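Attaching a single structure in structure tokens format; questions to follow.
Labels A, B, C and D are assigned to the chains in the order they are written; within every chain, residues are numbered from 1.
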Amino acid sequence: MTQADFYSILPILTILLWALLLLLADLWIPKERKSMTALLAAIGLAVGVGLSLSQIGQTALTFKGMLMLDSFAVFLNIIYLVSGILAIALSYDYLKRMGIERGEYYVLMMFSIAGMMLLSQAYNLIVVFLAIEFLSIPLYIMAGFARPRLESEEAALKYFLLGTFSSGFLLYGIALIFGATKTIGLEGILASLNGGEANLVLFIAGAALMLVGFGFKVAVAPFHEWAPDVYQGSPTPASAFMAVSVKAAGFAVLLRIFLTAFPSLAQQLMPVVWGVAALTMVVGNVLAINQTNLKRLLAYSSIAHAGYLMMAFVSASNPNQTGQAVSSMLYYLVAYGLTTFGAWAVVVSLEQAEGKGLDLDDYAGVGQKYPWLGAAMLVFMLSLSGIPLTIGFWGKFFLFRTTVQAGFTGLALVGLLTSLISVYYYLRVVVYMFMRPGEPRVRRDSWLSLVVVGAALAVVLLSVLPSRLLEMAAQAVLRLQ
Amino acid sequence: MPMSYFIGLSVVMFAMGILGVLLRRNPLVVFMSLELMFNSANLLFVAFSAYHQVLDGQLFVFFVMTTAAAEVAVGLALIVAIFKAKRTIDLDQMSSLKG
Amino acid sequence: MSLNEIASLHPFFQLAPLVVFLPVLGLLINLLVGKRLGEKGIGAVASLATGGAFAVAVLLAVGLAQVSEGGTLTLANWINLGDLDVNWSFRIDTLSVLMMLVVSGVGTLIHIYSIGYMHSDVRHNEDPGRFRRFFVYLNLFIAFMMVLVSSDNFLMLFVGWEGVGLCSYLLIGFWFEKGADGIGNARAAKKAFVVNRIGDFGLLIALFLLFYNFGTLNFTEIFAQAPAVAAAAPGAIMAITLFMLLGVTGKSAQLPLYVWLPDAMAGPTPVSALIHAATMVTAGVYLVARSQALYFEVPAAQNAVMWVGALTALFAATIAVGQYDIKKVLAYSTISQLGFMVAAVGMGATVAGMFHLTTHAFFKALLFLGAGSVILGVEHGHAHAHAGEHGHDSFDPQDMREMGGLRKRMPLTFIVYLIGALALAGIAPLAGFFSKDEILAAANEKSIGVYVLLTAAAFLTAFYMGRQLLMVFFGKPRSGASEKAAESPLLVTLPLVILALLSVFGGALNLPGSHLLETWLEHSLAETAPGQFVLTVALISIGIALLGLLLAWLVYGRKPIFEKGQPDPLRRPLNGLFKALENKWWVDEFYHTVIVRPYQSIAKFSAGAVDQGVIDGVVNGMGSLVQSGAKAWRRYQNGYVRSYALTIVFGVVLVITYLVLR
Amino acid sequence: MNFGIHPLLLVTFFPLVGVLVILFLKTQQKKAIRWTALATSLVTFGISLWVLAQFQPGTAGMQLELRVPWLRLDGLAIDFYLGVDGLSILMVLLTALLTPIAILSTWSAVEDRVKGFMVFFLLLEVGMTGVFLALDLVLFYVFWEFTLIPMYFLIGIWGGERRIYAAVKFFLFTMAGSLLMLLAILVIGFQTGTFAWSDLLEKRELFAAAQTWLFLAFGLAFAIKVPMFPLHTWLPDAHVEAPTAGSVILAGVLLKMGAYGFLRFNLPLFPDATVRFAPYMAILAIIGILYGAAVSLAQKDMKKLVAYSSVSHLGFVVLGTFALTTQSVSGSVLQMVNHGLSTGALFLIVGMLYERRHTREMSAFGGVWKVLPIMGALMLVVTLSSMGLPGLNGFVGEFTILLGTFGSKVLGSPWFAGVATLGVILAAVYLLVMFEKVFLGPVKVEANLALKDLNVREIITLVPLLILIFWIGLYPQPFFNLINPSVENLVSMVSSALLAAH
């Protein structure tokens, strides 16, 4: 292992080591002081952010071509780490309230983050597979973390079974690709494809199966059905974490593999992706309109947003637009992540024990009694529906722009029409909060409030000056091609 | 033996795995079916590895086996936990979350 | 022309804007400080304002006598938009000044009359506060009428045209809580406005056509170009004049849009006299006279105008025979007389038309005011006869069947009324004789058919006026109210006397031989046919008038009538025909069934079935479609892991199949 | 005079100052909140007058331009670009005028959650002014969408019984249109590399091929907002449920955004498509005129009646816009103002009646002129203005529109104007019926006898509108002087497309 190798995985290693040490340290932290664990975990993630920041602008192919460190990976790593910190801020009080405060929770989260970071740097299909499993297994456990509750256990089992099922497809796909190209390194695959030595039938079948595997992770239709159940059953902060980080990780690897290694395949796969994107937007948005459980509603919303992100993936198949597509996808991920975390934070602050406080009816009167919380949720809902003066608008703007420029106006149209549907159910939340009388019960917690207010401010302020973030997203792409 | 035999066998195994997942209600059997799917992939890896004369595939199989083991560990733990609470492990009973 | 330029023509001409601004000033004073002035003060301000306008009109006439071409004073650039350039100008020529004189002259008298009339009317109707409002409206009317007649372009004319319509609306609905079912007056007002709007629609289209064919709306420029445009686009001029005719039928109550005028009698009587007899309704006649140059280019349109006028004259006269309401008779008579005027201007006998317009203003105002005096007297009598009784009974002070014998109780009113009636009937040498004769003479020359129609109308006119005189003033009182009726106060009778004098001597304006009016008007009008005096025509006309009066006496004068529910003596001999007359040929009912009802149904249908049903239904339908789709789809999200796995497999199969088959 | 801040920036964003102040006030300090809101909006009105003072009436082009790069990225150039010309100056003034009036009208009508109400109201003003001033398509879209949110809340929180349905319908309808507009904006931006209005004018050849679709996409958004038949059904619902002040602004300003959008974007950017679609748009507009009038007649609720009358009135505006003559387009712009004034006043009066009787059913009234002489007189003036009586503002607009339409070369037939002129008759019918049912006749309902006439505050809310109603009616030329140069420029720009077409 060279120094460059070492340096390229330094953040991952740090997180892993930190998590292991925390697992040990947790044994000595008394049960009523578990906030200590949370804090330590957050610090660890913050250290990870610092280390990742130091990697900005670097490009290195390490471990004999198995890992790639580039600004794309760094950008995503920071997203995972920050979302981890936010998830901890959400979890800390929540776990205590629900009586499921155990130190392993944070450790598992850190493992999962390490897996995601590995995934974003993966440049070899073995690493890809391992990283996916590495990030998934802790999540299966986290989903079932509210253990005595059956819903949580059911969610965990469903997630686990279906996750493994989809891993089977992924694995089979990898095997086929290996068969087609004689290699499992991305560079090798590319070379083999360009050299025309690859068996295309096997290759396309393999790529399709891999697409299914990743599609499951990011919850696009028709591989999405687990998501609402799992998000609803899991502890809420874990759902938030999944909704943001796993989605980001899934898209990261999709981009990485399909754009780096299979660019010549883009044209052939495009119609499939097109269909998947359109179907996802329709399914996610249409199924969301009748939901009354907020967690479920947000789950469907996250499916819908996966559809929008898929749109960028479609656009990327146009070689002239690849760069822009990727940068707009990254931007959208940030916008979506920030907003979603805010929204889930609001859900967390209203949730009561035994799954109470999650219904739309429980939101009646929030706007009147807690105007700031209401305003924040309003901002999040508007941002999710893509209304201007929120970061969500710019996200959609760039996404649709890319789609239009890449020549997929029809898909953009589907996206626009479905986002009209989405307005309906996002507004329904607003209606309940502001236009119906009620006596909502809200949990006050400073960390939670910080996330809510911070996210709301960020969502608005970043929309007034959108350039900086977009530039960062654009730079992150440069090394990808 | 021609390569297609291996592929054919592997596809059949994979399909059996899928059918097992789709048809069985006992999670333990479903686990086994999942293992079958994994192993059909493994078979493919090994076969291709031999066919192409590269070691990558065989190497892959080791990793797959380990991760599969890890997954089973988690899965079994979940089943035990659920059995403790519900006294049944029928998968079709696990449908309170829906809609 | 600017103020200085016009002053250099004649110093009086620069006063022209005052004809509009004096009434406006009057109404503003009354509006702002009227409450403190008291009734006398309000009346004085309003009358002075109108009187002032009359004085200005007289001065303008004096000026015109010296500088007969007149001039145009431009006050402001009203709308200047691309090619459209419209000024607010005052056109001072003999035609407009004649109209000003009639409007403000008769107007002043009616203002004075109203002071007395409204004094008791507001008390009779139990809202003295509305006295001020009445005079505000009246001044507003004078102002708009002045805008109408003084305009030098069609747009400002239209402004005045609709403005007087508004005043008509306000004044018809003056007692907006009265009338049939309490809403009758308001309905009548609305009807007047809407029917007039139909006419205005025609006028608007005419304006548009004028603008696009002439490039301007200015009178002088249009009339100068008329022959050239007529040669280039005869159809256009035809369309313009016919659409204008639609406007005329609205405002001047001609067939088929006359229906609003009888209902307009719901307004207080001075209003009927001023607006619905003497001035506003003649605006249509003025319009045709003014646009003479256009009509001369298209004889067919002229014929149309003429026939409309002649038919209206006869048609309305027939209805007047069957009415019992003292004002309704006069209303139909007005329609009929307007028909005479319209026919006259249609024939090209513009001077005759304007002549009749002027004399008609005198005697019809006189008749209405006289009728008002009668009504006041009867109301007074009713109040006395039923003193101490409470509650509203269904007594109608305008029903002629409840009158009779008023000759003795209201002698002055009787005399002036008689003069007015005879003038209307066309008995020489009263004013009406000369003007009507001139029209008949022209008709005789132009078209025998029209002549016959008009003569028949003249006969009926004499007949129904005779009928009215006999029913109101002769015989025995038929109710307590008419028994106790009393003469009206001086403020009411004084204007009557003046108008009576005018009705007697008004004929002098254009006596055969002197042709004063004709020489006056020839400066404004493109062509004036020299007035005719045909002795045979005159004799026939007098003869027919006398015959009509005689017949009336035969039917209504010899024995007491209308005793206790007895029907009209004509009922039996005419049978169904009289029923038709009584019911005004069922025209209102016809319009109601053919236009009003269907439109209401369309409105209901559009609002209900179309708007809420189809259009909103589609919108909401799309919403519920998505909703129900969502509901159905949710069932596939059934919570079973195996089913989820199946969906995944399904997706895989789909993807693979697509890729393989592609 | 110069405050160191660009006047357009100031006029757009000044209400935010009020929002900030209000946010620091306590919920219970209703009076202070109201006064702050009123003062802010009045100052904004003052600023708008200051803008007017700096405006050069004779110039056709954009004035007082402010253009700052907002977002620059590979091939993407979004500007913060404001400017004013003859098409927008009156709209800005109208917005700035109606806002304080509407706020004043809420003095006693809104007692609940005053703070939120005023915050939303001032935010709404920012959005509306921004829409009229924005010259960058993206910025325009941002403001355009932003206006939705406060209005949505105004209807949804302070509205009537079915307010939620109405608010959501309003939001979704408008969103449906504007999403397509967003798509069109993206296409334009892609093909030209800019979103700035003035640059697009020069580069419009670049997207000329896609004109049809772009026109339709923009047109749909604007047609929904106007609203044109058959996309109007959100309007009656929104109006009926909205609080009075909301209705005033909705009818007075928000609807104009659609008509303004046509003028600002559809006509100059897609001239060929405009010429091609003009007859169809005109037909829809005419259907709207007649249909709106007919449906108005059948209404029982006063607000609904006035709402449908807006469909009819705005039909004239759209008709004039697509007749593409100097007179008709200038008339349309003026008619937008007129409609804002007269319909705004109508809604105010209906609101005042509602405050007194808590019903808007016409059958609950009748004869109230006798009880409320001042209100009756003012209502009469406003009604007449609305039906286009000469001497009042409505006539000037309708006449110029119809006159211009009659000779329109683009439409090519006088039938359009001829049929549309029928609307003048129908307007008289439904408005007079309303006036009759509410104000005329005898007082039939006991409760109406005790009604109190307008108080000073209510008169003050109406007087500015009445002054303008008379002013425009009696002497419209100053207004046309503001509008006309820009309109002539616009018309000649589009007519060159017409010439090319033949």
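Note that a contact is a pair of C-beta atoms (placed from the backbone, for glycine too) under 8 Å apart; a residue touches a chain by one contact, two chains touch by 3 or more.
It should be emphasised that the depicted structure is a prediction, and the values quoted were computed from it without experimental measurement.
Looking at A-B and B-C, the interface holding more C-beta pairs in contact is that of A-B.
Ranked by how close its C-alpha mean sits to the mean of all protein C-alpha atoms, the top chain is D. Averaging C-alpha coordinates per chain places the centre of chain A 26 Å away from that of chain B.
Distance between chain B and chain C, defined via averaged C-alpha coordinates, is recorded as 96 Å. Distance between chain C and chain D, defined via averaged C-alpha coordinates, is recorded as 37 Å.
Chain centres here are Cα averages; for chain A and chain D they lie 43 Å apart. Annotation for chain D: no residues touch two or more other chains.
Among the residues of chain B, those in touch with two or more other chains are 21, 91, 94-99.
Residues of chain A in contact with two or more other chains: 157-158, 161, 165, 169, 228-229.
Shown are all chain pairs that touch, namely A-B, A-C, A-D, B-C, C-D. Those residues of chain C that touch chain A in the shared complex are 626-627, 629-631, 633-634, 637, 639, 641, 643-645, 647-648, 650-652, 654-656, 658-660, 662. Residues of chain A touching chain B in their complex: 125-126, 129-130, 133, 137, 140-141, 144, 147-148, 150-151, 153-158, 160-161, 164-165, 167-169, 171-172, 174-176, 178-179, 182-184, 228-229, 232-233, 291, 296.
On the chain C side of its complex with chain D, the touching residues are 76-84, 127, 129, 144, 155, 158-163, 166, 169-170, 173, 176-177, 181-183, 185-187, 189-190, 193-194, 197-198, 200-201, 204-205, 207-209, 211-212, 599-600, 602-604, 606-608, 610-611, 615-616, 619. Residues of chain D touching chain C in their complex: 169, 173, 230, 232-234, 291, 294-299, 308, 325-327, 330-331, 367, 369-370, 373, 380, 384, 389-391, 395-396, 399-400, 402-404, 406-407, 414, 417-418, 421-422, 424-425, 428-429, 432-433, 436, 439-444, 475-477, 480, 484, 488.
If you check the complex, the residues on chain A that touch chain D are 324, 368, 371, 382, 387-389, 393, 397, 400-401, 404-405, 409, 412-413, 416-417, 419-420, 423-424, 427-428, 431, 434-436, 466-467, 470-471, 474.
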